[in-house]
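Quick one: this structure, given as structure tokens, is what I'll be asking you about.
As written, the chain order gives the labels A, B, C, D, E and F, with residue 1 at the start of each chain.
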Amino acid sequence: MLDAIQFSSFAEFVDMGGYGFNVWSVYALFAVFVAVNLILPLRKKEKIIQQLKRRALIDAEIQSEESTDEQ
Amino acid sequence: MWVWFSKLGSPKWFYELSGKWLPWLIAAMVIFMTIGLVWGLLFLPPDYQQGFTSRILIVHVAVAGTSLAFFPLMFVAGTITLVWRMKLADMVAKNAAILGAWFSFITLATGSLWGSVMWGTWWEWTDSRLVSMLFQLFLLLGVISLRSALEDSETAAKACALLSIVGCINVVIIKYSVEWWNTLHQVSSPVSMGNDSPNGPEFWIATLIMIIAVYLFLSVSLILSTRNEILERERRSQWVQELVLKS
Amino acid sequence: MHDNHTTTSAAFWATLKRDLLIAFKKKNDVVNPFMFFIIVVSLFPIGISPESERLTEIAAGVIWISVLLASMLSMDSLYRSDYEDGSLEQLLLSPHPLFFLVLAKNISHWLVSGLPVVLVSPLLAYMLALPQEAYGTLVLSLLLGTPIMSLIGSIAVALTVGLGSRGLILAVITLPMSVPVLIFGTLAVQATLNSLSPVGYLSLMLVMLSVSISLAPLASAAALRISVN
Amino acid sequence: MHDNHTTTSAAFWATLKRDLLIAFKKKNDVVNPFMFFIIVVSLFPIGISPESERLTEIAAGVIWISVLLASMLSMDSLYRSDYEDGSLEQLLLSPHPLFFLVLAKNISHWLVSGLPVVLVSPLLAYMLALPQEAYGTLVLSLLLGTPIMSLIGSIAVALTVGLGSRGLILAVITLPMSVPVLIFGTLAVQATLNSLSPVGYLSLMLVMLSVSISLAPLASAAALRISVN
Amino acid sequence: MSSAAPNNHTESKNGETMLSARQLFCARDDRVLFKDLDFDLIEGQVLQVQGSNGSGKTTLMRILCGLNDNYEGSIKWYGQDIAEQAAGFFSSLLYIGHRVGVSKVLNPIENLRWSCSLLQAVSDEQIMNALKEVGLRGFEESPCYTLSAGQQQRVSLARLIISPARLWVLDEPFTTLDAKGVAQLENFLQSQAQSGGSVMVTTHHKLNIPQLNILSLG
Amino acid sequence: MSSAAPNNHTESKNGETMLSARQLFCARDDRVLFKDLDFDLIEGQVLQVQGSNGSGKTTLMRILCGLNDNYEGSIKWYGQDIAEQAAGFFSSLLYIGHRVGVSKVLNPIENLRWSCSLLQAVSDEQIMNALKEVGLRGFEESPCYTLSAGQQQRVSLARLIISPARLWVLDEPFTTLDAKGVAQLENFLQSQAQSGGSVMVTTHHKLNIPQLNILSLG
């Protein structure tokens, strides 16, 4: 199994037969791309829930005020 | 049919169902990604003529192939929005446009990173796939900016639906006309993409795994952002209120 | 009471007449695309190079792209004032099929803003030292191409009719869509220059034109209903 | 009662903030000029020729002309909505010198629509196979050139502020005026390509810029007073 | 909700039901404008839609004309869905909204020539008479951008005189009209009602029209 | 011509003359709108400009604010030409025209923040109070294109509460306001007059404000 690995040393692995920059930047790009499009939606969900909570409180406040205004 | 549709149309239903599916999808995505990446990076034997750069293609081809799926997707979503007035379809379409732009961009980027090795240039107008992908990106950005320009969300939904339908037809026309145009320039073209693509089964198996992984990633990301969209648009509805207060 | 209701064709002609009248009153709609076209084309000798050999190479492309821009930007005036003063609502509320009324508007708009540009193109072709033999093909391809762009543009305009300033977003939406037209148009001219027959390309454009005449107004009509909503 | 009246600088900042806020809310004012620029540039390889030798020759000119068009067309959004909703009248009725308020509006508009275009230009320079050594000059010349065009454009916009669709007429008025900028800009790039020093041209543009900053807003202010009348 | 319903019964003798709305529901964003809104519009009836600012009058009018379709409920034209009746409905509808549909470049005559020709064939002296009647004598030839706010509105009101439409839908037609104009318009509405047509109008004015029906929102 | 002149004498005790127009003449195209128009606007005065459609009310208002300069005659601000007084005049003028000056993209708060900051420094809770007072509670955050015609007008009217301007020039501020809104606005005008400021307003309504002065055109 392990001998199927194409690289005898880590340096070789990094170097990618001279194409290190391109190969690694492609994989880096890909990683960023995947991470961003998974993490941003998750973060956004938190934000939305926070906002909705705040909004709910404000509305409750408005309603109570209006009811007092009527009296 | 109708019952089924209206049921499927209901954001609440989708939110709950997708909630059930997400963990499995994510698990599958993680598995395929790791297999694909590890194999691609460590085990894939170097291509006889392209050396280790064939590792780029695994990612590139997967992303590129997937990015071709977006306009058909938006076409379907658009039709559903216009014909059946299904809110959910528009929520999907909105995020599909954005994600699609991402995919097209990554295709371009990885492609040109490969090109800089293969052709010694980062960009090549004489390759039809590059050009048509570029214009697919433009069309997607057009849809996105139309959405952001229109203030009323109802209007924006239908307008973008119509535009994506027209755009999808156009992408096809563009693709073919560009290819044709390109054949006339082949003579002078220094390279043509894909003629000397790495061969050998390992390469294509690795690519296949990556393609599956990328499709899984697409659906996960799309579902996540659609769920956010649902929360925002249905924020007044009973079930969202409860859900918010629970969390 | 229902006796003297108008036929659709009457409404079609009334709309066509009205739009031509308006265009004729505010001459800008007629003159500007024309002017713009000439000015943009004449920027290239300044910006790139005044030598006629260089110009010859780029002439066809420059003219076609400038036409593309001119007709895209002229679209801005279509539907706009109608939307602002409410005439568009009246149009939507008319008992006649919207397809024809929209078509009438598109036709009048092309007559006013597209045609003049096409007619002046040989002059600019000369200024850019395009070989004489290509004039015919150039004009023909433009005659076929500009209506297509107007029809496509009309959809985008109808979608953005509510926006204040939309010149740019129009271009952003429609320029990518008009790439096929650009390709075949320029290929046709190139073919003539290489003394090949441009008929193939031209007939392809003819097909595109007939398709878009029959479909685009439907899309525009739908778009109008959407955005007046 | 007169105690808490605002200083002119406060009004300046308030106006600048407001315009940036509006631009930020409708993102299109930021994205579209940028998009338009990229799309227009990428039409040329298709319309003229995809071969890099050809492209190299036309790169500088094409980029400059496209920037010219992008910034002219982006001007359309300046003052328009303010005029339509009456904010412009409020601006004219403010006790502060109009010069600064107009300047604030111009600055925010350039930051939003001019700067992004300049920043992306090297990318397109690469795609058009412009030799690397010219990038610096290109960006510099654009950095000096685009504000000039915005300032000139602002005058034309102020003059045409009453018109519904004016994308074209703006271009027709301002493109001829911006020919000098185009000339010096392209000359500067050409100089670098011929490994001469572009400093002369650039400093000339710097002079133009400082002159137009000090004069153009006055003209715009006057124009606004005229056309709101 | 709808205070119109009662009146309808008292009125219903003088004609059949033209337009009937049932269970109308409309919400903009997350605000419910109206729900379970029922009303009938009967031939020979003038129905004034009342309500505070933002109560949804304009929205309701546009929904009825099919200019706005995010609503729920049923709207029937002589008992049939408007979708089926489209031609019939639109050929007997005349709508004038916040935007009056008068092109600024054209002069009053040219404006009317077009806007009327969408519904019926009109002769020029019909138009001249109408313009004269709304007090635009002498302005027939001057382009509409030179007309004052009220004068432009009068141009659109001239259509009321010419058009054969059975159903008028007018959204705040009284704004910017002077006292004389208001009185005149009230007469138009009345005569339309008497001739068996019917009118739906929003305004914050207090109309003085005999047996006026009121539908009040929020 | 000007029925205001007499009242001015009776009023002139409660303050000095703020704005005085003499021999005003204006013709659009070839139509004479008004000529030899004289009137004084005195501190603590509410002056309603009346006239049929097209009589030149809007034109007059814009002339007074310096937004329109094709007129003849003299306009004085506390006895001096406005040209010399510009800073003083404009810093105590508040004009609201047919176009109310509310940006559709921004929400009411952001709108007021800017339009008020042109005249004076304002705090956010001043703005919030003003908005609440004109009945836009709950709409503070929603962009103005989602507001109805009347609600947008109310946003502009909120400036009346905040601004320190001594002179208000309002062109048809009542259109599209509902009954409550009208009553409220009339109160604003009154209190402005009592606080020694003065108001010039055009409307076709019949204002109920004690000792109202009327200037009627054509």
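Simple rule for what comes next: a contact is a pair of C-beta atoms (placed from the backbone, for glycine too) under 8 Å apart; a residue touches a chain by one contact, two chains touch by 3 or more.
Not measured: the values here are computed from a predicted model.
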| query | Going by the stated contact rule, which chains contact subunit B and subunit C alike? | reply | D, E
| field | Chain located farthest away, centre of subunit F as origin (C-alpha) | value | B
| task | Count the C-beta pairs in contact for every pair of chains, then give the pair with the highest total. | result | C-D
| query | Distance-wise, how many Å sit between the C-alpha centres of subunit A and subunit B, to the nearest whole number? | reply | 17
| Measuring from the mean C-alpha position of subunit B to the mean C-alpha position of subunit D, what distance in angstrom results? | 35
| In subunit B, residues with contacts to at least two other chains | 135, 138, 141-142, 145, 149, 151-152, 154, 178, 181, 235
| Where subunit F touches two or more other chains at once, by residue number | 98, 104-105, 143, 146
| query | At which residue positions does subunit C touch at least two other chains? | reply | 81, 84, 169, 172, 175-176, 179, 183, 229
| remark: Within the complex, subunit A is touched by subunit B residues 33, 37, 41-46, 51-53, 55-56, 59-60, 63, 99, 102, 106, 109-110, 113-114, 116-117, 217, 220-221, 224-225, 227-228, 231-232, 235, 240-241, 244-245, 247
| field | Contact footprint of subunit F on subunit E as seen in their complex | value | 28-29, 51-54, 58, 98, 135, 139, 142, 146-151, 153-154, 172, 175-182, 204
| note | Given the complex, residues on subunit E that touch subunit B span 30, 70
| task | Please give the residue numbers of subunit F that touch subunit D in the complex, ascending. | result | 65-70, 86-87, 90-91, 93, 95, 97-106, 110, 113-115, 117-121, 143, 164
| message | Going by the contact rule set out above, which residues of subunit D touch subunit C in the complex? | response | 28, 32-33, 35-36, 39-40, 43-44, 46-49, 54, 57-58, 60-62, 64-65, 68-70, 73-74, 76-77, 80-81, 84, 163-165, 167-169, 171-172, 175-176, 179, 182-183, 186
